[in-house]
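Here come two complexes built around chain A, the first alongside chain B, the second alongside chain C.
This part shows the complex of A and B:
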């Protein structure tokens, strides 16, 4: 019997506006933009929370007012498990659990059910620093209590077949049977060519990338994915990532998670001397991206 | 990212302590979209009209606390510098700056990275000197500003 089709939610990561936030755009402006694109959910990073890790009640009230006014549902809170804050030995498990607990509590306060948890890694391929299982496992009961799911981001140049994905993260899920740890598959892992004039593109090459069909087996462990994009053309198509194929597979396999647009194209990185262009073009790229998602999903 | 916007244009002013001008200060933002845990903030490359002012004569004010040296800042492991918040950089320079427009070179050093790379281990013992490129965080190059010294002098 055919599987029931999924209904991914269209959302936006506020990270997309990072080059503009605090300069030409406030958080209020970002919410209005996301609403205007037709997004229904969003990702915030802990760094955009005024007074992190202890925002004032006034800030929290204002935040909920924005969610209500612009009809946006909190989807994912991007945070970092920082274990080298001392100029000396790494943090102990207990210190790490305290830090994670603090972010879980904050995510819960702000309505986020999923987290993009950045575990410290040792190289560009993001092989995790040994010992991560120990503090993440100790944090699981707290993730349960605060009703949040940690997600490791699979981010270019990491692929879905990079050994640590199966040997470490999947093995951890298998052993603990936890429902509070999984993957945020960043679509950059499927990127097959650079966007024009992208200074970051040459960094890792395109020889070893994830194939769209690889995502299927990970879908049960994904609640939120970064719909990474680098270039939307004038016909509302992404030119560097096989979007239709990826989303087709997700929908056909019953995935109904949060699909968050994350713009990371040449303008995000190369606009140092041209803020005016960025002010026009970054929001424009996001609008085009949501037209594409709307065309693919039908809503 | 948008390095040219990191220093607020009307913030350069002399600083007076005990009745004498002891240096100058300016307001700046963090370039890294993550913000940072304060202990990872490692100081600045600061050059004014060709004179370089090393980390040892710099202090940093943020989160409503008095200016602190970077030796003290590196112990602040539970304090955050928000992405959208200004910090004030103080520079010890007896006599301060003369009136008019100054050419200020600026690069931030933030040691947070996505991982624990071999350089991080080295930086524990031997943090990079700001302005050399290493540990520059998201200020990829030394950026130059033409800043006019404000008429008011700040009193400490």
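This part shows the complex of A and C:
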């Protein structure tokens, strides 16, 4: 029997606007933009919480007003599990659990059910620093208490077949049987060519990338994915990532999570050199991306 | 709202002591990164103006109204808010001449992902994020006060 089709929610990561935030755009402006795109959910990074890690009650009230006014549901809070915030050797498990608990509480306060948890790693493939299982496992009861799911981001140049994905993260899920740890598959892992004029494109090659069909096995452990994109053309198609194939597989396999647009094209870090272009093109790229998602999903 | 470049021209001026004598200059700096940072993970370097170097341990870093030395920052529990500048105050009797100056500030931080661990875990280096942004942030700025 065919599986019931999935119904992913269209959303946006506020990270997409990072080059403009605090320069020509406020958080209020970002909410307005997301509404205009037709998004229904969003990601914040902890850094975008004014006064992090202790936002004022006035800020929290304003945040909920924005969610209400622009009809946007909190989807994912992007945060970090950082072992090296101080000089000397890394943090103890107890310090790491405190760091994680602080963000779990904030996520709970702000309505986020999923987290993109960046675990400290050792190289650009994001092989995790040994010992991560210990503090993440100790944090699981707190994730349960605060009703959040940590998700390791599978981010280019990491692929879905990079050894640590299966040997470490999937093995951890298998052993602990936890429902509070999984994956945010960033679609950049499927990117097969660079966007034109992308200053970051040369950092990693395109020889070893994830194949769209690899995502199917991971869908039961994904609640939110980053719909990464680098170049939307004027026909509302992404030119560097096989979107229709990926989303088709997700929908056909019954995935109904949060699909968050994440712009990381040439102007994501190039805005310093061309502010005018960034101000015009970044919001335009997001709008194009949501027209594409609307065309693919039918809503 | 900030200017696009990490080294901010807004806030660039000479400073005076309590008697009104010009004793140095200051400017604002904001990280080029997309997120805030704990001040303990930051690695602040020297200021270089028109080729003259001002050592990192002679600088005052002003955040939220408090002055810190580079060393004192390692003992703080302060999150450097996203898009909040830090003010760098430089001691120089007589200050800078009015006019254009080439200002460089050396800055790095300890990134906990996407790269190799910091080579100098005693905090003496400029962190491990050089591969993304370099460490020397320069701007030609006009001093008018």
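Please note the rule applied: the second predicted complex is superposed on the first by the 299 of 299 C-alpha atoms of A that agree within 3 Å, B and C clash if a C-alpha of one lies under 4 Å from a C-alpha of the other, contacts with A are read in each partner's own complex, and residues count from 1 in each chain.
What we mean here is this: a residue touches a chain if its C-beta (ideal position, glycine included) is under 8 Å from a C-beta of that chain, and two chains touch if they have at least 3 such contacts.
Keep in mind the model is a prediction, meaning the values are calculated, not measured.
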{"item": "Chain C versus chain B on the shared chain A, clash or fit after superposition", "value": "clash"}
{"item": "Partner chain(s) touched by A:84 [first = chain B, second = chain C, both, neither]", "value": "both"}
{"item": "Partner chain in contact with A:36 - chain B first, chain C second, else both or neither", "value": "neither"}
{"item": "Partner chain(s) touched by A:280 [first = chain B, second = chain C, both, neither]", "value": "neither"}
{"item": "Touching partner for A:208 - first (chain B), second (chain C), both, neither", "value": "neither"}
{"item": "Contacts of A:61 with chain B and chain C, given as first, second, both or neither", "value": "neither"}
{"item": "Interface residues of chain A shared between complexes with chain B and chain C", "value": "15, 18-19, 21-23, 45-48, 50-53, 80, 82-88, 118, 120-123, 126, 129, 271-272, 275"}
{"item": "Chain A contact footprint on chain C (complex, rising order)", "value": "1-6, 32, 34-36, 38, 40-41, 74, 79, 81-83, 110, 112-118, 121-123"}
{"item": "Residues of chain B touching chain A in the complex", "value": "1-5, 29, 32-35, 37, 39-40, 74, 77, 80, 82-85, 112, 114-117, 120, 123-124, 127, 140"}
{"item": "Chain B partner contacts - residues on chain A that touch it in the complex", "value": "15, 18-19, 21-23, 45-53, 80, 82-88, 90, 118, 120-123, 126, 129, 268-269, 271-273, 275, 278"}
{"item": "Touching residues (chain side chain A, partner chain C) in the complex", "value": "15, 18-19, 21-24, 45-48, 50-53, 80-89, 118-124, 126, 129, 271-272, 275"}
